[in-house]
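Once you scroll down, you'll see the structures, which are given as structure tokens.
Across the two complexes that follow, chain A remains constant while its partner is chain B and subsequently chain C.
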Partner chain A sequence: MESSSSQSNEPEPIVVVEEKQRDIDITTSTEPGSDITWRRTTGSDQDMDLPSSPSSSGYAGEGGGSTSATTGSLIEIEHDEIEEEQQLRIQNQIDEISITDSNSSWIPGKRHQNEDDGSISWRKRKKHFFILSNSGKPIYSRYGDEHKLAGFSATLQAIVSFVENEGDSVKWVRAGKHQVVFLVKGPIYLVCISSTEEPYESLRGQLELIYGQMLVILTRSVNRCFEKNPKFDMTPLLGGTDAVFSSLIHSFSWNPATFLHAYTCLPLSYATRQAAGAVLQDIADSGVLFATLMCRHKVISLVGAQKASLHPDDMLLLANFVMSSESFRMSESFSPICLPRYNPSAFLYAYIHYFDADTYLMLLTTNSDAFYHLKDCRIRIETVLLKSHVLSEVQRSLLDGGMHVEDLPPIPQPGVSHLGQHMLPSDSPERFKEANHSIGGPAGLWHFIYRSIYLDQYVSSEFSSSISTRQQQKRLYRAYQKLFASMHDKGIGPHKTQFRRDENYVLLCWVTQDFELYAAFDPLADKALAIKTCNRVCQWIKDVENEIFLLGASPFSW
Partner chain B sequence: MATIGHNNLNAKLVLLGDMGAGKSSLVLRFVKGQFLEFQESTIGAAFFSQTLAVNDATVKFEIWDTAGQERYHSLAPMYYRGAAAAIIVYDITSSDSFSRAKKWVQELQKQGNPNMVMALAGNKSDLEDKRKVTAEEARVYAEENGLFFMETSAKSAANVNDVFYEIAKRLPRAQPAQNPTGMVLVDRPAEGSRAASCCS
Partner chain C sequence: MGLSSNSNESIQLCIFDLRRGQHEGQELDKILFFFPSGLPFSKQLSVIGLSEGLITFTRIFSPEAACDSIEAERHSHVFHEPEPDIWMVMVVEKSNDSEPIWREDALRKVLKEIHSLFVMFHGSVRAMLEKEPGGGLVRRHLYSFIMDYLRACIKRSPWDDFCCDFLVGKKFLLPSFRDCLRERGTAQMLTINREAAIEVQSLVRVLESSAVNTPCHSLVLFQDLLVSTTLSPDDTINLFTYAVLRLTPRALSSGTSSWSYLRKGNIASNVVAETNVSSQNSMSESFYGSSDISHGDDNNYHVVRPLQSDKWSKGKDGYLVTDLWGAEVGTWVFATPTVLLQQTGERMYLCAYQHRSLTLMLLIPISSIPNGEQGVSAVKQQVLENASLKILKIEEKLSKGWGGENAYHVSGYRYLLVDGDRSASRASPATKVTTLAKESLLAMNKLRQEVELEKSRAKLEDHCCEKDLEVCIRAKNNAWVISRVTRGKELYMVLEKANETLLYASDAVEKFSNRYCDGTFSLD
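Then we have the complex of A and B:
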């Protein structure tokens, strides 16, 4: 097999050729439309969606933009492919539409199972993730059937080993619209191929999380299988976990914890959270390593045994594992799990129990015989939670939501602010006193995320009505992600403030020793006013920190 | 181990078998009377309890519904240790799952509690037209190995309660409360950390 790769700033697709098989083009520049234009209107979709490199990918159509036919002919164009492509475009639009509805409409599990690298639809996916072994065996693919992707996997492996043979390691390759990011973890290779224009650091962070998720399921000792047999087929070991990975990948576009490396709490009164924390502490003293009470992906309370600390990334992966596995909702469960940041080589045992559709308890122990003890613990915890109305407060908080930008109190505020302000009757004059923009908060504030560096926690406001669709929210998160990466860029940073205006919004970022604030405003917002508003947001967070953060003895001290 | 208190029996029961054989579906049919066409894979093991009245006694089953995935195989002893009964489940439309079931029987014969009541359940009996394992073949195998055999359908509920009822009847009950040979489950876990890992 021969492989070659090239890198240039020109939008020239890189072609990797496997001689004895058919030609494979890993970097078809098929989507000249950016993320943003793709979403706008059906009308522009028609234009923007036209494929651009017909000869390299076998697509028909005129080139739409800068990435027009640049490669030699690899695959002959066939008529039925053109038709198929028309149908697929419609299908893709339907997919987009069905996903757009709301967060809840996202369906877990693997889709497009029937695709492979020969399918045009597969090539058009904006973001691929692959796990493969260093012998080129596919382990996981976000889209399509792993077994059918053996040839493609071998190609990826060839790229990695080609560079490794030079005594180097490949980090990423830019090819037209596509970025190919590699992460090598011993015998496991992870690859992302994306046309989403996310920064390299973000994509690499996502690959790290995918690797971490794999460790949650298998631990690092899976490496030993490859030492014994380099051709080891790992796919059966991950049987039944497609939903876990697809839900994690989905969370890259809605859960800021995936790039902030912090966790978030469900807003609750201080007393309520204290009550939950106290009973968990009792349990932790009886031989439980970590006791965590969660509502969806938000923490209600958590405690760790002495000296044990839980990394926010581990929490993210654990919560994703539990929430994406339907089986935990059926009954109480006892399952081996690994916390990669705590100890990537060993399993812990997790007792998992759902109190209601949203609220669940995770008790982690090193003792594989502890089930009945943990079950007793759960019964004790449940009694206390019911008695102190924690579970009903949790449901109320879910209904109320978190911080609404419309409720941002004016400065000076004598420390009487509460999260419940938005519950004021809608005819209250106070409610609209500051809302001089028709939508959103004061000075055109649409959304913010505040990350407390000391607590390793963040709080994200509710979305204002200007950012109501999932696509808009995803776009904003991607913008935050970019902002985060640029603020933390080791080459040119770190920076303290950043003010950025484009056609979508004004983004303001402010980093101090204590916190990071990311805020999005109306694109016409006034700069001075926006800065003033950010100060008010920080003051507001200080006023309500008892309710939005888990304070006090934090086990997050690594 | 089954433990006796007056006419009440507590019995730990474990379900083993290939993934997709229908272990969770059998348990959910028995415990909740439900059936889901698309039952998600079990992670680790799910715990259920259900009480049955048999003749003059009540039997409280503590049921471990284990995951059939390969990666959990090495952890199975954690769930079948000290079990008074086991249901080994296979899918009548899959010869592979029947082979897998035989391996589970062997493992239990070697490592399980010697007095364990074992049942072999050929599940998905509603899929007669896709059958790959004949009832006769399974019956002969079960007889040779001292198991009792039933074909079940979690979907139609056929024979599901019967399997559990039959186990309840066969549990040794006149036994004095001697020290069981298996592991004794205690409320308090032994201190000290033990870590298991896959593929070791």
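Then we have the complex of A and C:
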């Protein structure tokens, strides 16, 4: 990292985080005329000029976001939804390149910087996100230049405060296919304007995550700045973090963790995961709050200190923060971060190290002096991981992928009937084979997601060839999202079962005390066969749960 | 359940014209109607200001479909633009549990119904504004019309015999989740056998040729059910709605029947609430011309109030009479009501004839009768001569075949069947629907809301083929809540006792569809 070495030589570094209070001291954070707007370093390593000196978290001020915005200009078409059919053709071409992992080919960063609310193209974007202050100052906009959107921000603020003056608070506004969703968090207003047909509950959940992502970077103590000065301009504090937000927003359309509130594990043999868990457990006893070994957004193993529990949303936000900031990949880093569900008003310190392009270790502590200790821990962990071939197993798992619907074991287990359906005559084996003709799994099964309630984990199958393009995958996720919202209605939910057939899919959802199953079939799928297939999926998952879930190995959650 | 008990705020309803009052100091000009009328103008303008602001704001992104609704923590705002730049907005306060218990679409249908009935009797709002740009004329008409409508709303509801608690201390009976198996803006049809159908056909033909040179239209009702119509679906719904509100035997008798003490009590308290409010601000009273007096002489304009209650009665000759339209100049003959047909834009005389349970509405083009009331009574006389025997026979036949209030009950099922093409619906009788658990009704209400949203989105896509959808939900209380939408027809169903599997529930739908819907909702 370029800036970090020069920075560590500076006699008076900009210390934003006061070690003891772990609070933001805003007055020292902005330096007029400096292009470095928000940089945090840890006090402990300032004076030591060691060759192996860790980099500060340099995600800010380096223009990482802006460079990727320019290099990403070709691929961004894949990502941006604009209401024009012509783009579909180009999109499909790019989709073919990006089938393997929806996350890997996408480059985060700000798009369409030159647009504002006067541009037709800006108005036609399918999904806008805004963060603004309660005085109407823009803080973040997914598209367009925040500064040019000052007038627009003021309008959003006016709507919120108009309704507030009536002693009420606005939740959403609907107009044709568009929905405007508001979320007020103290002095921070979050707004989504979307024509994606996602339900209100989902969009609101996404705004909550965006707010959470902001807290990961700043903690809730930023509120105090607004108490002192209502006209406070927050944009410099978030300078350079465009990539973090844009990649989070991108994940709303491919990562089911964003609405399931659960995390997912990389499939590994039980022994391999045990080996990883054991070494993490060792170091967790030495003052580490959480130790997490991740592969992209999937957990390899996770260990927490006694009684500390890591919320799946925090994991999502943390992983997004780490993966979207290029600098973490360059060298080991030690960075203050906040886990909003754990404690929204305090910073923790994260030691982050990538073992290879995909696999990284995160060690979280409350101690800001722990860098060298954590570095030692990492070296110990790395040695064990190499010796027990965990890292190579991880690479192999990445290549193999997860559960393929085509591999669904053919013989249904007798006596297991989760969906509790009695068998109809139509359920004869002959008919079953007939229905198997289409692409995908048996009975036209295209995809499924299984969420274990006690484990806070989910497993999502690989997409069958019927859902190969990004467009199709995104549509399916949104259908799941809608189903999830419908099943978990705040007032009357959760429902127990739902069968839904439209022109795109047959969807089956089944919620019990132990798990939730979401399955997508060919729209022409036979109902009885679909139900039977769901039962088989549940059995299959039971059979392989050792490999796809992280099972009670750690006391991190209960 | 129901609306919040601090009833003064529970509902606001306003109509405004975006083309008026665009200059500072003239804002009041845009308000055409506001309920409650006694609300200070500043408050009225604030409701309209928010609405106007959001209409403008949403047009940035959605120029073709501006603001439909606002959902806030404590209120729901529902928008409807019935004529270009004429907006109706209803603001409803939520009860404490903050989840809305109504469907947005059901509320919007109230607004639609108000407007289309208004147009049927008075013509469009815009036309009236053009006739008298000051706005006084349209304000007076809207005020008396909508106030009469809201009162009628209370009286009409078949729920009030069953849900007494629903009315206590409440002002207006809005459609709630308990109405989720009903559909406003549709006609309920009587199913008749072939033989009866042929006789009705021949009666309709006789009625059609009642006037000398132009064909007449007719609507035939049995009880509160539609038997036949020669009008377009929209016009049919308007006249059907009016008939059920004011003309059918049930509507005629409701004013005097003894069991209606609840209704009366409620209306009384309702009127009290209104006068209380309006006395606070006599300014606004004169603004809307809201004087509750019946077409008094102190008014320059004679405001016809077609929805005023207890104004229709049955005459000796079987025709229904009313003084609502005043009397012909210089005579004691009551003027015959006139209505405007939406489809043709033609104004028609409305003559209603009643024999026992049979109500017959005859619509004669005004243009075909040169000599006014005299001509109308000649036609009426002629209809009696030509058709009274047929009417007698048909009434007898339909009465014999009529299965009573529960004729369309299907045991084990609670359902609503909507035929969108014909604007007709059929549903389980209200008495049966009330046996459902609240959870089941809420689940159905929610499902309908989801389906309506999908339908409205499909409508906005220009390439839309008709929505085809099947949803079966097993709710928390084990009830099956089912919706099927196919080829313009919709079926909603609650099965509480089907304590079985998804396949069992699907089977039940299949059986129902084959038996009662000509297999419309059956697979294959």
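Throughout what follows, the second predicted complex is superposed on the first by the 420 of 558 C-alpha atoms of A that agree within 3 Å, B and C clash if a C-alpha of one lies under 4 Å from a C-alpha of the other, contacts with A are read in each partner's own complex, and residues count from 1 in each chain.
Definition applied: contacts are C-beta pairs under 8 Å (C-beta built on N, C-alpha and C of every residue); 3 or more make two chains touch, one makes a residue touch a chain.
Remember, it's a predicted structure, so these values are computed and weren't measured experimentally.
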Touching partner for A:547 - first (chain B), second (chain C), both, neither: neither
First (chain B), second (chain C), both or neither touched by A:236: first
First, second, both or neither for A:168, with chain B first and chain C second: second
First, second, both or neither for A:522, with chain B first and chain C second: neither
Partner chain in contact with A:116 - chain B first, chain C second, else both or neither: neither
Contacts of A:146 with chain B and chain C, given as first, second, both or neither: neither
Contacts of A:330 with chain B and chain C, given as first, second, both or neither: first
Set of chain A residues, in rising order, touched by both chain B and chain C: none
In the complex, chain B residues that touch chain A: 19, 24, 28, 40-48, 65, 67, 69-72, 75, 78, 183, 185-200
Interface residues, chain A side, partner chain B - complex: 217-219, 221-222, 224-225, 236-241, 243, 287, 321, 325-328, 330-338, 343, 345-348, 350, 365-373, 375-376
Sites on chain C touched by chain A in the complex: 46, 49-50, 53-54, 57-62, 64-75, 97, 99, 439, 442-443, 446, 450, 457, 460, 465, 467-476, 478, 500-504, 506
In the complex with chain C, residue positions of chain A that touch it: 117, 123, 155, 158-159, 162-163, 166-178, 180, 193, 195, 197, 200, 419-422, 424, 486, 489-503, 527-528, 531
